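Chains: A, B, C and D, in written order; residue numbering restarts at 1 for each.
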Amino acid sequence: MVKKAKILIRKGRKEFVADLDREVTVVKEKQFFIEDLSKDFSTTYGSIRSSDLKKTGVIKSSQDKEFRIFDASFIDMYKRMKRIPQIIPLKDIGFIIAKTGVGPDSIAIEGGSGSGALAMMLGRLCRKVYSYEIEKEHFDLAKENAATLGIKNIVFHNSSLYDKIVEKNADILCLDVPEPWKVIEKASKALKAGGFIVSYSPTIIQTADFVNALLPRDDFVHLKTVEVIEREWEVEKRKVRPRSKTIIHSGFISIGRKI
Amino acid sequence: MVKKAKILIRKGRKEFVADLDREVTVVKEKQFFIEDLSKDFSTTYGSIRSSDLKKTGVIKSSQDKEFRIFDASFIDMYKRMKRIPQIIPLKDIGFIIAKTGVGPDSIAIEGGSGSGALAMMLGRLCRKVYSYEIEKEHFDLAKENAATLGIKNIVFHNSSLYDKIVEKNADILCLDVPEPWKVIEKASKALKAGGFIVSYSPTIIQTADFVNALLPRDDFVHLKTVEVIEREWEVEKRKVRPRSKTIIHSGFISIGRKI
Amino acid sequence: MVKKAKILIRKGRKEFVADLDREVTVVKEKQFFIEDLSKDFSTTYGSIRSSDLKKTGVIKSSQDKEFRIFDASFIDMYKRMKRIPQIIPLKDIGFIIAKTGVGPDSIAIEGGSGSGALAMMLGRLCRKVYSYEIEKEHFDLAKENAATLGIKNIVFHNSSLYDKIVEKNADILCLDVPEPWKVIEKASKALKAGGFIVSYSPTIIQTADFVNALLPRDDFVHLKTVEVIEREWEVEKRKVRPRSKTIIHSGFISIGRKI
Amino acid sequence: MVKKAKILIRKGRKEFVADLDREVTVVKEKQFFIEDLSKDFSTTYGSIRSSDLKKTGVIKSSQDKEFRIFDASFIDMYKRMKRIPQIIPLKDIGFIIAKTGVGPDSIAIEGGSGSGALAMMLGRLCRKVYSYEIEKEHFDLAKENAATLGIKNIVFHNSSLYDKIVEKNADILCLDVPEPWKVIEKASKALKAGGFIVSYSPTIIQTADFVNALLPRDDFVHLKTVEVIEREWEVEKRKVRPRSKTIIHSGFISIGRKI
């Protein structure tokens, strides 16, 4: 991590109020991300002295309230990245990584970079990442985010996957572009035999068009097309139920393999 | 990879039969995993000579049928692991890895090892893994699987997480045990501040009991409890629909954080 | 229907704007429920004369804008019912009706009435409905709603299913109460052999407690426990995708049978 | 019900076996559908005398084993219908009925009849049903099924909805045909203002084509397109979890309204 940051947590608390005969929230759980450790930090439960911000474990505010503090980890930094609207969620990134088995010996190509979310995760776990983005603004943002997270093994290209892929012998090529079928021919040359082509699209029509372009080819097999649904549950004593309203769709993932 | 293995693929093919006025499958897609490259390999489409098994790309069988061949990758070896019945699926492993952001700087503890599936994936992506398993038979299997896959950074303990965790300062601790709540106290000592506790259980009752044990504690926060549903789609021309019958449940994942 | 009401619709319209090179919504789709046909009705697209409100088909506003008008049907009235917060959704009501096959020869018992949503639907489709509600305010509301919809075959009791069920020989008994297992004994006497007991609960713990109370009994079999998930799709040209954010949980439905 | 039939149930039983320290199933739950009450009925737990088959309640077999017996209800008969492979499931039928609010005052048109499943349910709950089916074999089957269930308010046409719809002023028109968009023009004339058009298709491409044909029309509004997912849960003591493998897709339902 380039930047040294801390996570400060005030744990929530409920109390049973006898005359109301029910539990009420007396302290709301609150988490803070602190980038500047050189200055005191203010909260509604009192301020934390700069000297305490350098510690790890239990600290107290000026109002004698207990907080917990520890170093921000990769995922804390990742979640603080500057974003553009459409970002591939972690559930989908995790699916792609686990299903293709990429790791420290893998070469990855991906694009459009967007804010760099997928590039960053691939960068963290793979040997080398090449990320393409035609929009200058996103290209700059992705580079800035990688620098903030201290990820150094990503090469960003300010160009489109539609036009040219210069790398060869990649283990995985991930597409988050409006017309992924346009990249298949170039992907075939960029991937090594056994390498994975992955396409991520918000609509089923794009997904079907991509798979239907892949199916008749001699140089690819279609492995699977899925939606990954993250269904969150609320658990608190006997109140155990799926969350009522939640994000239930992000995109479809298609995985093929260069043969 | 310790063992050198190959993937051999005979791509499926359909043909339009004019007098039947519809498409029929004339070649079924078939994939072979070949461990012994020193001998000729027989298929229903003819045999492949040992000398061809060492190549990469297009090869032909004794019946002049085209096959594609390439080196098995990590995920091919992983899928060939010897297994015990209950194995945590890749979709869930990917979710855990992505949501906690563990990577090459991370120390992981997990158990029961089972056949070692989760240990192997964590071993591939993290710095060091400590895996606990009380059943001697599973302990041996997990060690054997790690050796086959050439994963060397896993320490296997033939003991239970219920009894003792010797490591400290871990970034993540994953539980796949019948009574995960019994491990929380030990997990608190084994995890560093900011480290993640993850529990995976097939039933919602175990899940609720675990989360309800975590909630009142000062040293943990509950981040989320989810089901990850992998919904597979069939795509072939206009036939685009979710697969009718599919595995729709494996387990619930709860993630907490040591604070 | 007791009240005579009308549905007035102004259909939405999109237009392709050449210089913007995209479609824009020029008229937003809008639906009105009109209870009082004796007065002119104002909209942002001009007012509709009272004489036109009595027609069916295409009518025009004072601004010469086209509207469509027709008689409100049962479901339009139903959706306008006065409600209390927790209401059993139509997807769940439909499931219960279809799976039990109740119809014009069926006697139904249900409670708590709440705002009467389930009672009303059962009333529409069954021969006779007996609905229990201990809270006076809800009891009054349910009766008022039934009167508004003109449903006359429901007997409302201002008492609790926990205390007494006076009817016998029912084909179906539906429970929407916090502790449904408390009603099983009484349900056994109220249902005819082959009659259905249905319980609807928001949490899985209530659901499990109900089913676990049913399972060991000699006089009931448990048929199934389900969640009914209504997953909405957006369809507009090539933009075909599940709605991103949606209500994904209401309650669990357990169906047993008196034997 | 034309045919008089009975449901005979032998309730399952588990027993705790102390020396095995676990529960074992000692009697498997078993349900029989008995059409011929004039003859003794044999089971693996002994035979039931014809005279007992006419009773309701607890009866005993020749082996002194307890059974429960009661009259088959509509839904028992419905489930015994002769079927063709693709049948619209009850969860989807229930959804359509509840969301459109059809009932004893409603006129329904539907087709293709298939085995008559939807026609039968609409027949049970609506005033009159007109069902179209071009395939003679299915037309005959649907008529036979209706006769068996004693449903008399369905008129079956041995012709296709693509060609002609003779009825007018319908409250609902349900399509289960390969190309539902071909029926929209005729549906517009057959439905009364405010009537519902419902299309049921296994693939999303058919669904999208139907909705995209409906959207630009002046005489229809698109209300919603959904998948109804019935997710079954296993409940037995602490073993509370979604069923692992289940049918997770049948078809998409699109509902529009004639205006």
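We take it that a residue touches a chain if its C-beta (ideal position, glycine included) is under 8 Å from a C-beta of that chain, and two chains touch if they have at least 3 such contacts.
The structure presented is a predicted model; accordingly, all values stated were derived computationally and were not measured.
Compared with chain C, the chain whose C-alpha mean position is the greatest distance off is B.
Looking at B-C and C-D, the interface holding more C-beta pairs in contact is that of C-D.
Centre-to-centre spacing of chain C and chain D amounts to 20 Å, using the average Cα coordinate of each chain.
In terms of their C-alpha centroids, the spacing between chain B and chain D amounts to 40 Å.
Put simply, the C-alpha centre of chain B and that of chain C have 44 angstrom between them. For chain C, the set of residues that touch two or more other chains comprises 204-205, 208, 227, 231, 240.
Listed in rising order, the residues of chain B touching chain D in the complex are 202-206, 227, 231, 238-250. For chain B in complex with chain A, the touching residues are 7, 9, 11, 29, 56-57, 68-76, 78, 90-91, 93-105, 121, 124-125, 171, 192-194, 204, 207-208, 211-212, 215, 218, 221-222, 224-237, 240, 252, 254, 259.
Remark: chain B residues 204-205, 208 touch chain C in the complex.
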